[in-house]
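Alright, structures below, take your time with them.
Both complexes shown next keep chain A, but they swap its partner, so chain B is in the first and chain C is in the second.
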Partner chain A sequence: MSYITKPEVRHPALEENALGLTRRDYEGAMSTLCAGCGHDSVTAAIVQAFFELEIPPHRAAKMSGIGCSSKTPAYFMNESHGFNGVHGRMPAIATGANAANRDLVYLGISGDGDSLSIGLGQLCHAIRRNVNMLYVLENNGVYGLTKGQFSASADVGSVSKRGEVNRHGPINPVPLALTLGATFVARSFSGDKKQLVPILKAGLTHKGFAMVDVISPCVTFNDHEGSTKSYAHTRTHNFEVVQTDFVPLMTEITAEQDRGDTTAVTMHDGSTVMFRRVAEDYDPTDREAALSYLRASQAKGEVATGLLYLEESGADMHACENTVDRPLVDVPFGDLCPGSAALEELQKEWR
Partner chain B sequence: MHPTDVSNPDYYHKVVDCQWACPAHTNVPEYIRLIAQGRYTDSYMLNRESNVFPGILGRTCDRPCEPACRRGRLEDEGPVAICRLKRVAADLRGDVTDSLPKIPEKKNGKRVALIGAGPASLTVANDLMPHGYECVLYEKHAKLGGLMRTNIPSFRLPESVLDEEIAMIIDMGVEVHLNSPVESLKELLDHGGFDAIFVGTGAPRGKNLELPGRYDSDKIHIGIDWLESVAFQHVDSIEERVLVIGAGNTAMDCCRTSKRLGGTDVKVMARKSRDLFKASDWELEDAEAEEIEILENHSPVDFVVEDGVLKGMNFDIVEWREGEDGRLASTTLETIFIPCDAVILAIGQENAFPWIERDIGIEFNRWDMPIVDRKTHQSTRPEVFFGGDSAWGPENIIWAVEHGHQAAVSVHNQCQGIALDQRPPFGMNLISSKMGLHEWSYSNDFNPENRTPMRYADLEKRLKEMNVEAELGYDLEETAREVERCLNCDIQTHFTAVLCIECDACIDVCPLNCLTITDGGEEDDLRGRLTAPAENTDQDIYVSEDLPQTKRVMVKDEDLCVHCGLCAERCPTAAFDMRRFELYIPYAGQPWPTTISTAPTTSL
Partner chain C sequence: MANDDIDRANDFALKIGTVNGTGSASANAMLMQAIFRMGVPVSGKNLFPSNIQGLPTWYEIRVNKHGHLARTPDFDIMVAMNAETYQRDIEEVVSGGYVIYDSTRPLDPDILRDDVTFLGIPFADMCVENFKGARVRILMKNIAYVGALAAFLELDVDLIREMLAEKFAAKQKLIDSNMQAISLGYDYARENFECPLPVHMEPMDATSDSVILTGNTAAALGCVYAGATVGAWYPITPATSIMDAFKEFCGRFRKDPETGKNLYCIVQAEDELAAIGMVIGASWCGARAFTNTSGPGLSLMSEFLGLAYYAEVPAVVFDVQRTGPSTGMPTRTQQGDLFTVIYASHGDTKHIALFPADPEECFYFAVSAFDIAERFQTPVFVVSDLDIGMNDWMVPRLEWDEGYTPDRGKVLTAEDLEAVEEFHRYEDVDGDAIPYRTLPGVHPKGAYFTRGAGHDKYGGYTEDAEAYKEVVDRIARKIESAAAAVPEPEVRMAIDAPFGLVTIGACRGAALEALEQLEADGIEISYMRVRGFPFHPSVAQFINDHEITFVVEQNRDGQLLKLLTVETWAGKDKMTSVKYYGGLPLSAHHVVQGVTEALEKAGRLPAGKA
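The block that comes next holds the complex of A and B.
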């Protein structure tokens, strides 16, 4: 952490978006995480994505649980809604919030402890229900807040800072999400904003549950030799399977973005996600093929990154449940609570 | 672009905009920090090292540092009041007698003549006396100081301040000859027994305006001569309606002096438009605050004198347009008459050397100016040196001081048989300012306050008398506020590429978007693809060695960095460190200590 806050003085030529806001207007309090934490870079990427998508901060809700990752919503978008829930329970709270107000943009921030240990069941059900939200899992393979024990995502053979070797197999959120039927699954790296920002933008635009597993090194407890979640290891083992470009609605697709070897997927709001295959024969719209490719890639020790799977036609929670098409706050009170006479009438049906 | 060589003192020196812009390279951020700590005497002595006359310059400097101040590029709230803070150090300092250089009893046997007792000559004496030189000063007036005494009115520079700072030098044991104009340089060369002669006689001749009626009245004065007469109290009044011709700083001194000597309706008449005035903005503002009218685009036509009495002047009102050759040309719109009782001409100064014989080996050019080497200040006669306004025409006090330093180096080399071009180089030191986990040895928080305005003595009171100092100076509260505005540009963001793990923390936290990690490239190309495009090409961009993990480079645009240190605070490996840059300036016989080496760039 720092003793001084980030000075408010700005670059005079700072770019403004259509709302008249600069990137700085999407920032939050000073981070109290360790210097060099990957999570701070993810925070910066989120700021960039919201700024570029021109989302008014007060129309977004930041949901989180417990852990280093879950602290980060304090460090961006001061003017957004937010809920910091108990450990691992953020998916349920986000589901409830989304049920009540479907118009907000939901962003869940979690970590490998919060999502893959204590909150694994919660995560699974949020995926299964296809809650319309972007779920960012800041994955560093250790419990940083409790001094660096291995987490459930630590790889077999990964060495702790004290020299111990991990023997348990990891829970890998990407195949997990694919298996559970997630409609948007990506993996990225905190040290590569060029890749991460378009993925976050696509995830925020996606209608349904968007899982983004971000390798986000713990600079204090898991950035040494022998770690498989360090900056150096991630860089040397990173294999970008598909390159992703996000093209907002009403924006022309440039020649640079469409070079013939690209596949375009139109999002529900009309914007486009462009895929450029890097790995041969990889199809980010074929769930089975993606799953088998990623299993093989994991066995080779590769860190496969990119927007790995996208299905834009899935029905989200509201579609499945056939809910009212407005946020509950906009439903007249008389409709929400029709009174005892209406209840009486309803109950008559079952007598 | 090749990796930036920060071991060259010029690189970090240039980042300290104020120090780079100062002709004498005064260590501004450090002296401001010393003021912030209440160490006024230390601050004064640090100033004195480079600019010799902190009390005088704290009131009168032309302040090339202030327009250069990085703060001025950030927001529309003005640069740090560097000059006013210098005055604070001078006003609040303690006794400095013990801190002044010790003068050896045993002299080195070399004698140096200094002609004209202005800032240039005094600086030469200041630099040479501590090395055992015998300095002999010749001054045509009855008092020392040169134009600092004769041309700067006492309401801007109190005599006591002037006397005290000149005395610090004279008391080193300079032999002074007052009322002793040198009439013949030849004689001094032939019979003076000097090893070197320094000419610091300034530009003593005010330019005349040869227009009809010029010599028909005795109420038309040459500005610098008139100011001199006021300074020596030969003149103590002026008529009520005064026109000052010219728009330089001398014109401002003339009009403000007129206001104090009886002028009630004082106008400054300028040929050009205001944006082309030579006077500093603050001097124009000070004049206007004293109810002086400044008229632009008024080109003088003639003096109207009836029966030997000055009635006024005719002026063409002109419009300026840039011609095809790129030069400004005027067209007259109309001619008007402006009544007045006295006129002061302040349209420039020239050099004059009637006392230098043209057959003694000192060559003059076609403008009748001596040929003087820009670097060494040596004339074509090896033992004669020129400095201050006498070398290349009118500049200002701080340039005269720098000329004095450089001429002293040359005189020393000349007397010791060292080639004049073997000048001691600039040196530097870099010291980490890290004190603890998040603590630095400087105040790194950005203070968004606006520039502290100066308070002035009550208008009526100050116009009544010549000796009431117009500016009151900052009080302690104002000082405390203003010092915090300094960005500490000398605390450098020193980067060590091999330590970087490319976590982006510095880039994300930087409030001014100065940093980028990207692929290397040529400068023009790089400048265009940074986090914020680096469009100010006056300011350098720093490029690191290749980073270990991805072989990209760290690029920093120096332009708007506020030196808050957050990049270093958020750096997990101390690849960024805030290091205090200290420039070692060589002076005569006193190169900076050679034992000090620059900080390593590739390890902790």
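The block that comes next holds the complex of A and C.
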């Protein structure tokens, strides 16, 4: 990974958002991933989502574990603090950071190895605590950075580049998150920016833990025939269960967005997520129904995508812990230290 | 040793054997408090099993007018309330001592001794007669032995009544029933035996400036006073009561006056890896955050501690040591984590540590730990142990300096950042080996990428030898420079003493008591207790200035001695190890014995002592 910034050539047509920032202001260092790696497309979608949501980059914190996927926070939003921690433990760092400063926008980037093997426990507990963050799991079925071993998301029968066949059943993060009570669960594909960007925006707006499982092929170790996480396989088996539109606060919902078959969910900040059902009878606000649909779809070998479940009324970690509304880091010392008189009084009990 | 010819007022030890989970803790606490309120120095040590209910448990009280409050194994009085342990309990009493037992059932004649006095009181019968309900009867049996001890020791009964009134406030019924149980024991003892015993209490005035508390309570209070807002932990004996106490104090002192909401956040993590990760995340964001753990948890935290060291993120870790290795003896004490703490994590790492000796230092060192962690941008350990953390210590009343302002270290504000041309996270701008830090969310210019991967002084990823070395060498200098920031050693120089003694943590009381005994035997030894790592330069000097220095510690491998060998310029051949690591708190006799044996070996015992 190098740290060269891309040459700044300002294109006159480069569009500005309400903060006066261009997409370029949301970019980072040059990627050092393999050309064609799905993770770079996810990075591009993240840049777009933050740009469009007009989030000041310095008010976001980029957290990650270890892996090719976890390297990507260096490749977007140079003006955000980033924390590339240890393998599989990003949720803990993000949880602590969020406990200290609840006002930042937390974006966690992880891989299938990082999240589903070494870090499975931490992922589950971050979901359980409903830490307010967007968690992007860049899922390629292998450990890219350690050169292509199967990960826990590899499907039974998927063949490795060396010709080994995987025999162990996959840990599928979507039903896992649903079972654990996650309040925002989505799956998307790095090759489908049109689908991914609104999902990311909804996830960033969601109050609570938003998990987005993004199938993000590894061109170097898992894009061959026989792999179930290749571009070709994902394209042919991708089935968009529900289409999502994200409508920011103070924006009119257009007629195109509001057709007869749509449902709207109002987000915490007043923005709206519009669902258009593609699969008949799919209800992204019914956890049990979503789970059974997705199980059946998985059995058929489909890769069901879309914002699959959303519940905006859940209590996040701070609500459960009853912490003050302002960030703890902003509470002045004088309000935290009880002082000498209180100490004297307290010690009367210890005599 | 008990001796009828000598006045044994205010100088004795007693031990109470009961069954875990029968509520004896509050009776024992009452006893401690009564002695303390009579103005006599006292300590209480809880010897408990790793069990919730049913196994034997003991409470040891030492009363000493000279203030020697380390554990002593010489018990003048045994209150034997657990038939299962009668035999070993009776064996533990010194010759000439006393055994108070429940005479509802006769003692097995085989375990009787003729050199101790047996004082039988039918506690169970008395309680069956006077109280209703099995649970109440069991509880009141405990209160009744306090009553008996009040007679035998001449404890102030009015004081006990006063304490009960405070404890149960408006619940007159409870006060009455407890007082009734006290009287049952008290009256029976007075009517049937000669009271008081030669070992007994006399009022003094040596405790009015003191309080009784545990190290864990004190450490938690230190966290509150230091302004810590985030605590993340995973339950483990003997560290748990730090977070329990922190929570309780926060409930009292940390409610937002307007909303009633919490000015703190405690996360019970899924394991210790997560706990330290959360602390690192919170500290990275600018909060004062801490975790509390013991050996097994510390081992799990290892990888993250290396990250915090290398990425230069503050963190405060309380390690309340217990007996290792592995699960070891979870309810016994030891000082076996010294290596693990100092060198936690792979690669070249070295951590700052503070070593409190008692609850008083737990309080003040907790506050310092946050200051040092933020000043040096690195993990700081407060290394205590089960004895300090969970036992009842009499310590000087804590004081709070209203002038205290937290040292948040070199953190750039938004205005600072506005003014600088460029910010580089790991650059040694001031030549003090400490770089400037920024917090997320403050200013776009402050952004940097925190990573455990190789980085240069600009914070950029690197695999370049020189750029890598520049950063790790500076970190080494930074940690070294903390020797001046950690608490200085405690020193008591004996004039022209040829010998020295270096010790650490909870060994303090036993070591000082031992030195007094040795001095009485004509053996002069200077004393030093290290209170922080990196070691203060005076430590090596002290060792060098003495012909032999005894290094007193509680672990098998002489970890402190080895650290002194590696981390100071003191000569290894100057040091002799004196160790005790059986899991009980150190006693003076361990030290006296160890030192005497070593001197004998060296042919340096004064004439007549060999």
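FYI, the second predicted complex is superposed on the first by the 331 of 351 C-alpha atoms of A that agree within 3 Å, B and C clash if a C-alpha of one lies under 4 Å from a C-alpha of the other, contacts with A are read in each partner's own complex, and residues count from 1 in each chain.
As a working rule, a residue touches a chain if its C-beta (ideal position, glycine included) is under 8 Å from a C-beta of that chain, and two chains touch if they have at least 3 such contacts.
Since this is a predicted model, take the numbers as computed values, not measurements.
J.: Superposed on chain A, are chain B and chain C clashing or fitting side by side?
T.: fit
J.: With both complexes superposed on chain A, which partner does A:57 reach: first (chain B), second (chain C), both or neither?
T.: Touch partner of A:57: chain C, not chain B.
J.: Applying the touch criterion given at the start, work out whether A:43 contacts chain B, chain C, both or neither, answering first, second, both or neither.
T.: first
J.: Does the superposition put A:231 against chain B (first), chain C (second), both, or neither?
T.: A:231 contacts chain B only, not chain C.
J.: With the two complexes overlaid on chain A, check the angle at chain A between chain B and chain C, Cα centres, nearest 10°.
T.: With chain A as the vertex, the angle is 130 degrees.
J.: Just to be sure I read the superposition right, which of the two partners does A:333 touch: chain B = first, chain C = second, or both, or neither?
T.: Touch status of A:333: second partner only.
J.: Where does A:296 make contact in the superposed view: on chain B (first), on chain C (second), on both, or on neither?
T.: A:296 contacts neither chain B nor chain C.
J.: Can A:191 be said to touch chain B (first), chain C (second), both, or neither?
T.: first
J.: May I ask you to name which of chain B and chain C touches more residues of chain A?
T.: C
J.: Touching A:103, do we find chain B (first), chain C (second), both, or neither?
T.: second
J.: Aligned on chain A, what is the least Cα gap between chain B and chain C? Give it in whole Å.
T.: When the complexes share the chain A frame, the smallest chain B-chain C C-alpha distance is 20 Å.
J.: Across the two complexes, what residues of chain A are contacted by chain B and by chain C?
T.: 1-3
J.: Which chain A residues qualify as touching chain C in the complex?
T.: Going by the criterion above, the answer is residues 1-3, 56-59, 61, 63, 73-74, 78-86, 89, 91-101, 103-104, 121-122, 124-125, 129, 317-318, 321-325, 328-329, 331, 333, 335-340, 342-343, 346-347, 350-351.
J.: Show me the residue ranges of chain B that touch chain A in the complex, using the header's touch definition.
T.: My answer: residues 73-75, 438-439, 444-446, 448, 501-505, 507-509, 511-513, 532-533, 535, 549-550, 560, 562, 564, 566, 569-573.
J.: Within their complex, state which residues of chain A touch chain B.
T.: That would be residues 1-4, 6-14, 24, 31, 34-38, 40-41, 43-44, 190-191, 193, 217, 219-220, 223, 231-232, 235 of chain A.
J.: Once bound in the complex, which stretches of chain C touch chain A?
T.: Residues 33, 36-37, 210-213, 221, 224-230, 232, 252-254, 256, 259, 261-267, 269-271, 273-287, 289, 303-304, 307, 397-402, 404-406, 438-444, 446-453, 458, 460-461.
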